[in-house]
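We call the chains A, B and C, going by the order they appear; numbering starts again at 1 in every chain.
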Amino acid sequence: MIRNFIISGAGGQGVLSIGTILTNIFMLNGKFVSFSPCYGAEMRGGAVNCEINASDEELFCIQNKEVDFVVALNQTSFDKFISKVKKNGTIIVNSSLAKINKTRDDIKYIFAPLTQEALNLGNIKVANSIALGILSKITDNFSIENVKKAYEKILKDKKELIQKNIEAYFIGYNYIQER
Amino acid sequence: MNEKELLKGNIAIAKAALNCGCKCYFGYPITPQTEIGEFLSGEMQKRKLAYVCAESEIAAINMALGAASTGAKVMTSSSSCAVSLMQEAISYASSDELPIVIVNVMRAGPGQGYIFPSQGDYNQATIGGGNGDYKTIVLSPSSVQECVDLTYKAFYLAQKYRTPVILLADGMLGQMAEPASITENPYPEIDNSSWILDGAKSRPAREIHSLEPSQNKLNRHIIELYKKYTTIEQNECDWEEYNCDDIEVLITAFGTMARHAKALCNHYRKKGIKMGLFRPKTLYPFPYKRLNELSQKVNVVIDIEMNMGQMLKDVRLAVLSNAKVSFIGKPTGDMLREEEMVDASKNVLKEYYANI
Amino acid sequence: MQIFKVPKSIKKNSNFTFCSGCDHGVAIKLVAQIIDELNIQEDTIAIASSGCSVLLYDFLDVDCLEAPHGRACAVATGVKRAHKAMGNNKFVFTYQGDGDFASIGLAESMHSALRGENITAICINNTNYGMTGGQLGPTTALGQITTTSPNGRNIEYHGYPIKTAEQIALCEGVSYSARVALYDIKNIMNAKKVIKKAFEYQKKGLGFSFVEILSNCPTNWKLSPKDSHEKIKNELVKIYPLDVFKDVEND
């Protein structure tokens, strides 16, 4: 089965790092996976996004017309990528920075106040990890060992930050349950 | 060493270069290949190797030309409009028979264009952007793993044939990441003691130059170069065939575009149309012979590129009148999606398949 | 008593291909003598350039690499650094004209000097593009007539000339920068001392060393060899003074 993802947001929101962590998790889970970032102009304008494709079989397309899952960390990316969600796909929207508004009825919406939850945790920068937790819950239910390994790979020896991100990941993971 | 890691194409090239003994890197930043130079800067200094932040791509390629004369493995990297600046020295190095690996992580042109991925430098790389009768070996990776494998091969072929080799990737491949491993370099070392410039100790002095005021000598030199190119054409053609055993329709594509082309093949296979892909891994030497053989089995060949049809002329030269050749392309930006290729290919295929 | 001897580092049976009376011959002989005296023939890699200086490898009996036009200092950088990376300390120098060094190749020359690349550059300044028949170059003096300044160089129309040795001396990475001439025995002897010093500074690893040799061009100046030397002595040295502009061991 092929699953594809777009992570989008503003520069500084950790779009590419959470994309890389997600890619690493799939790799550690033994999937074929590709990570393609947007680079250059859009980054300078403040908008960042990346596309991740994961599959049990060899993967060919690294860019797709539509994807199964979109994470939109701010209003701009919500507006821009809502049209990229496949029919019956899911968009996770950071409702702290984007208005709750359902313009399509053929997709699933998950609105979560990611920035607010991150602030509650004491670090605004871990909003992306909360989104990752939600993704994990609604997709493959990643093994926590691999999630930890992926964070350790990206954040190296920043132990406290890894801990904080894992905490955020679990807030996201449990977010759907609690609702 | 062989464990898979998540690698960006650019970093894979840099790591492979180091792993197969690249001693010198000279470069100037340009998106989308800057990570190659950034990565090597620290690593090469650590190993006391030669790394210069050159003042321009012109300086970088000329430093590479000088360094290559010593027998050291040498690499420079750049992108499209700046690779244009290097063409003079690539022509010199071809005549001088100096091994240099030149990485071009293509962006869109002409002119400054933009940093979007593109395959617009096929012509420049394969025909030669510099002056005179010369050819440059051009290798085309399609995945991050091939960035590793073909970097090794680029160094090997450069040394083996004493000629510049271009590793032609595109911005998407340079920037994207996927699992790959820095495998062992499978190629042997080439003895270069007969020609390098290391001081005339216990041997006559050597000269390496392209200038040749004698008509006869210059003619002989160029004819010798072409004998070498003929050998390269006979020995070094490399390609991939994907589902080509029972083809009715053949797709040709190179680099990252070939990945999406495979998805197109699978799309039509599910519909009962036997479509296969031919992907040259060496753009020069182009595998004309094999493509000609395959094209004899089909009615139509569809060439797909991230440009306005540059490999197309080589495809036509290979296919000749064996089959109809048509083209699907887009110069830059987002890669052609599977759906876009399906739409575009319908017009071609409906001539042969009624219910498409 | 032997009063004339061909230096060991000059190739046997090499035919002199420069115009009669041209200072290139003297300059190359001096370089060869110095290579002999410093005993570096077996460790030297010379970088030839484009212009009249291109045929260096026809005369000098050392390993020699031709650089594309103007890029000699970049090529020399590559040679020097690559050998260093392989654990070798080789002697690397460029032999260029003023067009090659200071016009088309100014960026490569200047940046090698700025980096303090441990190489030596010798620049033959004959105030015109000699090989193509005497056109205006960056070093052509004000008032000088060339085939592309038929009414003489003037500031409004052609702009100012460059004083190369003075400019190079301003670069922090430079160990030595001087201008010499070859119009009489005294100056030839001095030129030899200066070039030798520049070579020795590279051997000591002091950084970029540079010698500009103010030379004649009898053919394009349309003067006899003797008159061309008179012109240097009486006119050009006033514009391009003979001096040492930087010497890290004396400053």
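Going forward, a residue touches a chain if its C-beta (ideal position, glycine included) is under 8 Å from a C-beta of that chain, and two chains touch if they have at least 3 such contacts.
Being a predicted model, the structure only gives us computed values, none of them experimental.
**Q** With respect to inter-chain C-beta contacts, which pair, B-C or A-B, contains the greater number?
**A** B-C
**Q** Kindly work out which chain lies most centrally, taking the average of its C-alpha atoms as its position.
**A** The chain sitting closest to the overall C-alpha centre is B.
**Q** How far is the middle of chain A from the middle of chain C, if each middle is the mean of its Cα atoms, in Å?
**A** Comparing mean C-alpha positions, chain C is 62 Å from chain A.
**Q** Just how far, in Å, is the C-alpha centre of chain C from the one of chain B?
**A** Whole-Å distance between the two chain centres: 40.
**Q** Mind checking the centre-to-centre distance between chain A and chain B? Centres are C-alpha means, answer in whole Å.
**A** 34
**Q** Considering the complex alone, what residue numbers of chain C touch chain B?
**A** 11, 41-45, 47-48, 54, 57, 60-68, 71, 74-86, 88, 90, 107-108, 111, 115
**Q** Hey, which residues of chain A end up touching chain B in the complex?
**A** 20, 23-24, 27, 32-37, 39-41, 60-65, 153
**Q** Give the list of chain B residues in touch with chain C in this complex.
**A** Of all residues in chain B, those touching chain C are 23-24, 26, 48-50, 52, 54-56, 58-60, 62-72, 74, 88-89, 92, 96, 197-201, 205-211.
**Q** Flag every residue of chain B that touches chain A in the complex, lowest number first.
**A** Interface residues on the chain B side: 4, 6, 31-32, 114-116, 171-172, 175-179, 256, 259-260, 262-263, 266, 334-335, 337-340.
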